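These are the structures, in structure tokens.
Both of the next two complexes hold subunit A, though its partner changes from subunit B to subunit C.
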Partner chain A sequence: MRATCARKDLHHGVQVASRAIAGRSAWPILNNVLIRTEEGHLRLTAFDLELGIECTIPAAIAEEGALTVPARLLAEVLSTLPEADVEISADEQSAVELKCQKSDYNLLGLPADEFRQLPEIPDDRKFTITQGALRDIIKQTILSVSTDESRAILTGVLLELKENEIKFVGADGYRLALRTATVDGAAGEASCIVPRRALDEISRMLDDDDSPVVVSIAESQIKFVVGGIVLVSRLIEGQFPNYERAIPGECERKLTMPTDDLLQRVRRASIVARENANRVIMKTEEDRMIITAESGDVGKAYEELEVVKEGDDIEIAFNSKYLLEFLTVVGSEGIVMELTGPLNSGKMAPVGRDDYTYVLMPMQIV
Partner chain B sequence: MDKRRYILLVDMNAFFASIEQRCNPALRGKPVLVGGSTSKRSVVAAASYEARPFGIHSGMSMTEALLLCPNAVLVEGNSSKYADTARRVFQICKDYTDQMEIYSIDECFMDVTNTQNIFGGAWEIAKAVKRRIRTDMGLTCSVGIGPNKMLAKLASGMMKPDGLVEIKPEEITGLLEKMPVEKLHGIGDKTRIRLAKMGITTAGSLGRVPVETLQRRFGVLGDILHKMGNGIDCSAVVPWHAEPDVKSVGHSYTLDRNTRDWDVIHHHLLRLSEMVGRRLRSQGYAGKTITLVSRYEDMHTFTRQRSIAEYLDDGYAIYQVAASILHKHDAGGHKIRLVGVSVSNLVKGICQPELLAGHRYRDLLKTLDGINDKYGEFTVKRASLMDVKLRPKTHGFERKKIIQLVTTA
Partner chain C sequence: MNTTQPDNIISILDMDTANKIAAGEVVERPASVIKELVENSIDAQATEITIEIADGGKQLIRVTDNGIGMSRDDAVICLQRHATSKIRSAEDLFAIHTLGFRGEALPSIASVARFAIITRREGVDVGTMVNCDGGEVADISDKGTPVGTSISVSELFYNVPARQKFLKTAQTELGHIVELLNRFIVSHPCVDFTLLHNDRQILRSSGSGKLEDALLTVFGRDAAEAVIPITGTYGPYTVRGFVSRPSYSKPNRAGQLFYVNQRYVRNRNMIHALDDAYRGILPQGRFPLLVAFIEVAPDLVDVNVHPTKIEVKFVKEWEVHSLLSTSIREALSSSAVAPTGDDFLPPAQHQIQRPEFAYRPQPSGVTHTSGDLTAFREALAARIQTSGDVPVTLPDDGVTNLASSEVAPVVGDMLRDVTVLAQARNMYIVAQNQHGILIIDQHVAHERILYDRLYKQGNELHVQRLMMPLTLNLSHREAMVVENKLSDLQSLGFEIEPFGKDAFVVRGVPALVAERNYEQVIRDTIEELTDLTLAKRLVVQRDSIITTTACKMAVKAGDRLSLDEMSRLVSDLRKTSNPYLCPHGRPIVVSLSNRELDKMFGRI
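== the complex of A and B ==
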């Protein structure tokens, strides 16, 4: 195999694909990037068996074929080469040669036929959504995804596809974020758990615009196609807990308030709350909400803001970190809190929208 | 002003064995041996007074003890039961002074110098403590009264069981004159032999040796030995409330035999985690760093910790994290000898209930804690912690046995 391309293109391609290499694998081929010739292109693939990423770059093909080479090593060499064309080639013994002006590198590769191909994902269960919309949905649900390895099932987002609607649910045992959206070109029904890592990686690739992302779901994999990039991820196996049970029904006590005002005040109070497990106490008095935090080693915080209140007064404690994460991504001018009681979960949502719900368990004062 | 100090040492008599005899009338009047388990691998943790004439003492191996007294009844120790009883004993002592030092699970010092006037003197306090321990708990203790900790300890050992002895300052010289040195707390076998070689066998003769001679032979210990021989001990009673804050709560357990049977390992891991959870909740703590310890048959010990998002005080949640650490790092091959779980990075008075379980799970824990506080640890427990030993995954006719076991349990 022999091909010539711009250094910048090859470097970028290797960087994109190698996001699929999580760490140093004991199986050397999993640390390598596969480079294959196509008409007028090079196709780059990396796959650590959990996550695979594929992209193409323009190239002049002199001799067809494929090679694999350690991705980190190649990226490092490319990052320091001068801005010019590079020629990449491999011989029968998998020795890879990289030439650029007066630089010439021989890197040890592995045979391309040892590389594990990305699984084929059929298109019978799929939907199309804009990049901007998908980016927001992931941002608004991934905050609730657990990082606790002992609860594997909660380390991903539940994705449900039914007719023209998709539902994303993130839950870590203490809170839950639910986003719904209508989509185009939907086919079939699906319910699967997408690992956090796949969503993190796809988010990096998404622009804030209307260009499409096509998502296809198979029995144990999911595929995202964004521009010329394909991302395939393994799904988390198992039954997601019955989250609907955790969402409180309609409640008479409703508090409406400006998002940014609340965000600023909770953020400030959380400086004091930090030393006390992030606990902030919210208390309503007529049309005001008083936010306090206290820590024996630090001191006290007091904040006050105006709210529109329906129903009786309430006093309730929350983890400020969980509140802040929601307020940062909610993306609306105002929010509504529905609070049943100091021991019951609270429901929060953007004003005037019914596609985003955040449910948070209060802290108990022992 | 009276500068005299009044120190009491309360020493519970054959503590573990007496508790077992109190709980089980069938054991009363019989030689009872309490061990870590009823297997012969274990050692005697306590012997009842009925077993002592046979020459049995704590620390002896079960095999040896059973040779001396073949009729002895072996009882598996239950440390939470003993700790609970000890707590109640110490609570009684605290009613008479705030200067109470927990010396071991069955001994405590009380400095009643400042409170003895209120209660009619140190002797009256000692009598009251003994009476309350007997009527409230059905247990006996020996109390020693002295002008310092050393003499209080010496006095408590002079009449056992159920003794009460006071050593007054004017009696010290006469008492120590003929007292063998090994009766003094802190003089063990090695020191006794070295002193004997110098011709010193009694406390009185120890006191008369010039301090310089003792310092030359024993270094810094020489000064302490000289004071001991003269009945002097200036050390203070360090009260419980002067002890440092709790930094972590943990338990570990050596398995009955080395094993790779995950059912057994998980059983103990869950039991230990539930014990840790109970202790955390009883003191109002919750922690976010879970540490797992596993020791293998080759004595290699593995310790790994993980910090999680929330502060935990629920035994089952602690168990899930500990089990996940064990499975991630257990390389396989070697049998496991010991497992341990501890929780650190603690906060007090804070609890974040689970969303899916809701606050009702907290209510349940509270109710279970209430029952176990009243009737003893693990009165109500998870079914997986039941001690019914069944063969796993039994089918067919074995089912009958299971049903029999369950219905007669």
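== the complex of A and C ==
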């Protein structure tokens, strides 16, 4: 094959696609990017069998065909070439040649037919959502995803599609984040677990605007189409725990407070709590909430905040890190906390919205 | 007679001495008596075997079966050495299908204890009772009894005080007995075994004939649910059994049972085959659970290597090796747990644990160092360069020397103003300060920090409650230990409570381990406490519970740490009571002083 394109386009394309190459695989073809000619452009694909990314760039095709070349190497060479047109070609022996002005590089590739194609994902179970909305949903649920590899099921977000509604659920052993949203163009029903890595990568590609993302779900893969980019990921197989059981029902005791006021105070108190397993104690007294933390090595913290309280007083301890992560992404001016008791989970939600719920287990006050 | 001829010093031993010598080989402790008796019961086609013991078997052992029983003559003759119903001639030795065959066991046992046989054969109206003291038949009488045999052995070693002294505590002997019966339960799932200790039921197998039920009894439900079957044939050898998926592992080999023709054996070759098949799948220091039954024509295996018959030799060791490792590998890959260079596989149940293409969540936040040696060398080179610019003159305060072959731990406050440079082999923290370069073993460092913290208790120890409580289905042994140590475990931050038979529910874990694999931490802690209680014959003191817990909670060699985590670890380490020695007594820090380094490069 032989094609000419702008250095900038090719470099950008290789960078986008090669996000799908996680580490250095012992299987060389998995470290390579596939470049294939199509009508008026080049299609770039990288795929490490977990995650695959495909994108296209404009190019003038002189001779049709396909080649593969180590993605990191190609990106590195491209990043330092002068801003001009680049001619990329490959011969029968998979030797790849890259020419740009007076530079001429021969890189060792591998035959294109060794490259693993991205799986085909049918379109019978799918939905469309805006980029901005998907970005928020991922941000608000991925915080609860477990990093403990021994609980593989919990290292991804549960995605449920039913009629025009989607649910995203992230949960580790200590907290749970549930987001719902209505979507357009929904077809079929689905329930699957999307690995964190796929969500991290798709988030990087999303803009904060109303342009669409099309999500299609197959038996064991999921596909996102954003602009001209296609991302395919393997799903985590298995049964997600019954999360609904972990969400406490309506509770008498409700505390409403401004998000930012609480965030500031918990963040300060956590400086002290850091040395003491991040534990902050929250205690209500009439219409105030008192936040304290202490550590033998550091000292004590005391914070006070006005709250609107329904129900009796309560004292409860939380891990400040888990609180802060929620407060940073909740994105509303106020939040409501429903607290059943010092040993029961607390339910938190943005004021005036019912599409986001965060459930957090307390720490014991000994 | 030979004593009268002083010139002849060689004499034929009398029968009693010969029996006592044989007893020395076969009968070491109550568990070995039970082994011989239970094997006899099994060979007598028993389907129910009850083992009653008192004081760990030191006072009384009684094994009662519903097998075919013995005639009166047999009951007497079986007490003679090399009396056996199982082989008739030397040729038969190479075609052994029964568990026992040497004809040594009963006379040997009888010679070192007070011994009684009560037995009746089917079709005979009256049973027989034979009493025997120290090998001498004391009386033979009629006795009404169900069909089968009941043998009691009391006051074991009453006439061999040297042996008696070597018996351990009742608890330890019981531990050995439980271990032994577990092996029988697995190899003979058709037999309903009951073990009573001081009239309390310790163990009961279902006798349902299903290996799955046997595994459940022996290893507990969690383990039984984590296994996949293995089968295979190679030449004259066949294997069947179960191996655990990589998601379930143990910190020792206690869960590995090998059988040849239904006889529990130990054979290095087979352990090696298992390790071979599992290479690269489990981290170092973790072992799979395995139950493997090898079937082979009796002439291709020699079980007569040792009186206890625990060691075996195969005619073709490598064939057994190859059979075992291939079958295990196949089992693992057919359930898609082993690394394969395969296609975009449809996700099988457990592929997420496949090491090669496994989905691995990237550690969020800072990812600085890695096992990447180039980066490490560069970083190190750069730092050494800068530190070279600073004029430091330090006394060579007897601090360790990497150049000398023996590396000793550092002394003095070497952990002042430490900058962490990198992590080497995901095991060691490489750091420097004005004295020179320090290398810190991350696991023992963390162990020391946790040990101090757990020891101090105070308000530093917090419990993070779990959203989904963790249920532990333990083996009976483990459950007994947990039951005993419940309050200690609770005071260390495990909110754990009994939850039915051999089960416990964990509602909260120490906040210190919340971000890590807490399930592994608690399981390993329980496992080690069980071993401590039963194997090392210790009444486990609180201190060793703390040491164990600290060890299991600590980061492991092989855990990747971020630069922040390492810096934190080093500063916490400095605050501990002894930053240079871990609670087990291993060194935590070694150093290479600037002076030594300069010397090595011929700068001074």
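A few remarks follow.
Just so it is clear, the second predicted complex is superposed on the first by the 365 of 366 C-alpha atoms of A that agree within 3 Å, B and C clash if a C-alpha of one lies under 4 Å from a C-alpha of the other, contacts with A are read in each partner's own complex, and residues count from 1 in each chain.
Keep this in mind: a residue touches a chain if its C-beta (ideal position, glycine included) is under 8 Å from a C-beta of that chain, and two chains touch if they have at least 3 such contacts.
Since the structure is predicted, the reported quantities are computational estimates derived from the model, not experimental observations.
For the composite obtained by overlaying on subunit A, subunit B and subunit C cannot both be accommodated without a clash. Applying the stated contact rule after C-alpha superposition, one finds that A:343 touches each of subunit B and subunit C. When the two structures are aligned on the shared chain, A:149 is found in touch with subunit B and with subunit C.
By the touch criterion defined above, A:279 lies against subunit B and subunit C together after alignment on the C-alpha atoms of chain A.
Contacts of A:50 after superposition: subunit C is touched, whereas subunit B is not reached. When both complexes are overlaid on chain A, the residue A:27 reaches subunit C alone and has no touch with subunit B. Taking subunit B and subunit C in turn and counting the residues of subunit A each one touches, the greater count comes from C. In the superposition on chain A, contact of A:219 is made with subunit C only, not with subunit B.
For the superposition on chain A, the stretches of subunit B under consideration are 74-82, 92-100 or 182-190; the one running into subunit C is 74-82.
The intersection of subunit A residues touching subunit B with those touching subunit C, taken from the two complexes, comprises 146-151, 171, 173-176, 241, 246, 276-277, 279, 319, 343, 345, 359, 361-364, 366. Across the complex, subunit B is touched by residues 146-151, 171-176, 241-243, 245-246, 276-277, 279, 319, 343-345, 359-366 of subunit A. Residues 284, 286, 306, 308-311, 320-321, 323-324, 328, 347, 349-356, 358-359, 362 of subunit B are the ones touching subunit A in the complex.
Against subunit C, the residues of subunit A that register as touching in their complex are 22, 25-27, 48-50, 116, 119, 145-152, 155, 171, 173-176, 195-197, 200, 219-220, 234-238, 241, 246, 276-279, 294-297, 317, 319, 343, 345, 359, 361-364, 366. In the complex of the two chains, the subunit C residues touching subunit A come out as 247, 341, 343-344, 346-349, 351-353, 356-357, 359-364, 458-468, 470, 495, 508, 511-512, 514-520, 575.
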